Amino acid sequence: MVGIAVVGCGRIGRIHARNVADHPDARLLLLFDAMTEAAQRSSAELGVKVASSIDEILSSAEIAGVVIATPTETHVPLIKAAVSAGKAVLCEKPIDLDLDRARACWNEIAGARPRVMLGFNRRFDPSFRALRERLHRGEVGGLELVVITSRDPAPPSRNYLRHSGGLLRDMTIHDLDMARYLAGEIAQVHAFGANLVDPEIAKLGDIDTCTLSLRAKSGALLQISNSRRCAYGYDQRIEAFGADGMLQAANQRATSVELWTSEQTAARDPVLHFFLERYAQAYRSELAAFIRGVQEGGVLTPDFTDGVEALRLAVAAEESLRGGRTVDIL
Amino acid sequence: MVGIAVVGCGRIGRIHARNVADHPDARLLLLFDAMTEAAQRSSAELGVKVASSIDEILSSAEIAGVVIATPTETHVPLIKAAVSAGKAVLCEKPIDLDLDRARACWNEIAGARPRVMLGFNRRFDPSFRALRERLHRGEVGGLELVVITSRDPAPPSRNYLRHSGGLLRDMTIHDLDMARYLAGEIAQVHAFGANLVDPEIAKLGDIDTCTLSLRAKSGALLQISNSRRCAYGYDQRIEAFGADGMLQAANQRATSVELWTSEQTAARDPVLHFFLERYAQAYRSELAAFIRGVQEGGVLTPDFTDGVEALRLAVAAEESLRGGRTVDIL
Amino acid sequence: MVGIAVVGCGRIGRIHARNVADHPDARLLLLFDAMTEAAQRSSAELGVKVASSIDEILSSAEIAGVVIATPTETHVPLIKAAVSAGKAVLCEKPIDLDLDRARACWNEIAGARPRVMLGFNRRFDPSFRALRERLHRGEVGGLELVVITSRDPAPPSRNYLRHSGGLLRDMTIHDLDMARYLAGEIAQVHAFGANLVDPEIAKLGDIDTCTLSLRAKSGALLQISNSRRCAYGYDQRIEAFGADGMLQAANQRATSVELWTSEQTAARDPVLHFFLERYAQAYRSELAAFIRGVQEGGVLTPDFTDGVEALRLAVAAEESLRGGRTVDIL
Amino acid sequence: MVGIAVVGCGRIGRIHARNVADHPDARLLLLFDAMTEAAQRSSAELGVKVASSIDEILSSAEIAGVVIATPTETHVPLIKAAVSAGKAVLCEKPIDLDLDRARACWNEIAGARPRVMLGFNRRFDPSFRALRERLHRGEVGGLELVVITSRDPAPPSRNYLRHSGGLLRDMTIHDLDMARYLAGEIAQVHAFGANLVDPEIAKLGDIDTCTLSLRAKSGALLQISNSRRCAYGYDQRIEAFGADGMLQAANQRATSVELWTSEQTAARDPVLHFFLERYAQAYRSELAAFIRGVQEGGVLTPDFTDGVEALRLAVAAEESLRGGRTVDIL
């Protein structure tokens, strides 16, 4: 049994707390949220004690792992505190909106042999994972091109947007991690951004639509497209082309029902609405990987470096947007 | 070059005439239709002479093959005349609505080594043909079950229905031929009929919906379903199950476009409207097989016997409807 | 909180026990199995006490509902005992292999206002359920035809087969219930059976493949096909045709990955292997419906009568097989 | 009846010649090819006279339209000659490999009110055309993103490559025209190129794989990916995303057959092999549009300017490759 605490009881924190509670090898021992009501709601749901402070969690000998699902600006101090208390960490992405701060954090903790896993949940989606395994097994030969489509059903609240770090650090970062997960290290990035969805987003100095081209060090090319709007649900697809063929991970739906009428045939449901639905299994598998890693002492992956690298690519994409040029990742 | 005449210039006769005209190895020499205007319309379209009589066709030394696409009751006399004039024949199904008359026709012509091909066009559909070839090649192992779905977009005119011979001899006969094409000779038949589409059809003593179960001599089972109504087009599908898997021939559409909206995703066009669209290629291939058979003297298939056997199964299905029992094909 | 006991800790009993344990409104209080080891294994898994006898369960005031997942021959006595102890019951299908005994059971318990739900799990499959709701909402107009495909991946053990009651009472009974669920009461049945999969099944006097035709009292027609063998997984599909179109519930897979190579394109995974995988959600929803029914005192459905009626149709289908005729359901 | 001559009897010239010969409103009067055997082979196939020279064609009063399907370097002189002879022209793409020469050609002929149609055959593909019509009809709201996938089954011969003008002017030019066809004028281009398929192509100074990002003047973004290799056939797909959904044009196959086995399910045929198969209907429709335009005197589209603009985008993409930056289309 692995003792776990969850810090941050918002939308994603609740998922993690529920998944810890359901895991046969884990015990959810403490919850914490600076917003007391949020912590108490989860506490009531799961019958778990609310910690009076972060310190109560970090000083508990029973707790081996800490899940961090708090606002982004608290990630770095929490990671540092948890690592120096000897806890394994599962931290939601991004490490920080500021690349230098993320790197400085690493410099500070690196000596402590930190065990930090980054919450790139899509790596644990069964379909994306199967695609990668079959790709690496050689089912389509050497990788030549990856096309990633990723569209949110609707823009987040203005308040969320204000603190999001912008489309590239908030949303595209997932696809940049997926690019690395599939094609390895990236050598070059180019980005186009646009404001097509909501003029409010432009007012915040942010974009709502983008296309990226990447070149991997392996030579493979990649394309990413993102939008804050998607009428038919949360569009999450990958195509990976190799010398011998293509692997495709398609969208998913709640049922397998098709409608055939005089208007349209084989019409399916909208795709799963958003990340809570689409990545429900991914969040369970991610948590299970963390528990197993803590329990067995094995590698935690994706790790802190993966978090830094994805952020670095997002920053490079922003530079490309501004400069109108291909940016080399040095 | 093979000289061909087309007798009957209605809906299907025109298709055959056009296909003969377009075939590189055939010459369409004469057309005939008892309705002079029909013949003249095709004549104008294709620049081909209208024969003054059937005799002009049968006595022409240049004509090696005759395509018969006239009303059903004229098939038997025309086949007899053409065979005794030494012509190869491609005759639309059915040979006749009356099984005894069809058999008597055979008895009369059999001595003349007749070369008669029956117009079961679906045998030439590229998808059904590929399904059969792959089935026979063993891609799914020994055949165990066939499921045939066949639905017309809308009932024919009351006048057509009155002379159609009823659902089983007019429409199901195609599926009964397909059953034999895929599973060989049939041992037993059971049928349910219903009036669900149009009360006028019931007034004519006919049914508009049916389900059939068949057992092949090989032991395989088969299911057929038919309806005179299908909102989304001409539903024409086959599934063939073997010990090692299944082969499926799906519906077809004019474009490959899909629509994804907040209501429905991956919604495709209605399926091809009716036989003229769906079996356009099948009619061309059927005609090409006939031309080749005439030219090279090889086997013409499906042949007269296939026409008799499909009719025999339709008659047995009617007997099952009336008697409420499984009917053995002796 | 609803107190529940599970009787029978085999393959399906374990699923039910796990689902009770996971349900937020239920408490799994006791387990029982005549095979002590089976009960103890589940007990260890779930941390739940093993009852010393059925009586301990039936006499416990805390237990409101009993899940019966024992061998078929014990269903009737257990239902009777549980009902007379005032417990609500969720009993696996079939009630009994013998129609008279099932009816006698009802006669005995009917006076006690029994609350008995039958385990026709497929009614709770999200896709089949959505298909039915959309059908009843009129999305395809009045129902005219239902086609049910149901194939097991491989035959069960000879021992299972010996006590199964035969293909129609063991396997087809699910599809007969689905027929009633979609089309209401059935008026006529015809069946063909065959031995195509395993000669051992014939030696047991059983069949391994069948096709059924049914006519509903509403006038709609239905087709069922069953096999004890399916190379590509557990084939579970439904098509429902109405005046205005068709609803189709397709097979399901563990991932959405497609492979495109020089051999084949858009190739998907095998379908979910068997009922544990395909109906995992259905079992959860079924159990949830039972818990809710017990808790709120509402209707439990499908009920005892549904169990009797499905069995009656299976018996009628056997009669059709033997007599080679359409059998009327009186 | 419109009199037509075809100049150039290679792979594409033969298609055009056959389509002219089959068109009910056109007469194929003369053929020409500098390679006499090529002209004679087509002549024999279609029973059409071979012209002794281009002049014979241009001076024939019966010929209203000339189809140019010769090597690229002859396009400009042939267009000029045909226009000054008063003929309408259907010229294969590209006008020329050199943008300046193409523009100079226009300057020379513009005064003559030239009627020149460019052979961007994909605009006439029924699926792409339907996608565009439905897009413009507003089925998915305002256009935000287009994703074009275009992969050849295998690299062309080294000889072809040597005179092709490079991947971008030879292959991508079709996708650049499609980009304009769907999204209107283009404002910015970025390209990545790679050598992943065949080292011989690199030796020729060419690339075999590329990804392009484009921004339309409307604000919409576009992505193109190209490869000289595709194991499963000629991959030709478009996705167009709007505010209210997405339209997708999928790949096409010769049959609708699916294979379901223990390995894979719903596996379809490879997609249509190459342009001759995939765009057979597009070539027919393109030719029909040309004939109609000649006959009725209406607009010929795509026109000379479309040819210049697509070439201009290809040149800009090359500049982006070399300069590692976004290139503005002025």
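Going by the order they are written in, the chains are A, B, C and D; count residues from 1 in each one.
In the analysis below, a residue touches a chain if its C-beta (ideal position, glycine included) is under 8 Å from a C-beta of that chain, and two chains touch if they have at least 3 such contacts.
Keep in mind it's a predicted model, so treat the numbers as computed, not measured.
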item	value
Pair of chains joined by more contacts [C-beta pairs], B-C or B-D	B-C
Relative to subunit A, chain with the most remote C-alpha centre	B
Where subunit A and subunit B are represented by their mean Cα positions, the distance between them in whole Å	58
Inter-chain centre distance, subunit B versus subunit C - centres from mean C-alpha coordinates, in Å	42
Multi-chain contact residues (two or more partners), subunit C	140, 231-232, 244-246, 251, 259-262, 266
Touching residues (chain side subunit C, partner subunit A) in the complex	22, 126-127, 130-131, 134, 139-140, 244-252, 254-262, 266
Complex contacts: residues of subunit A adjacent to subunit B	231-233, 251, 253, 259-271
Touching residues (chain side subunit A, partner subunit D) in the complex	140-142, 144-145, 147, 149, 151, 188, 190, 192, 194-197, 209-213, 215, 219-223, 225, 227, 229-232, 235, 239, 241, 243-246, 323-326
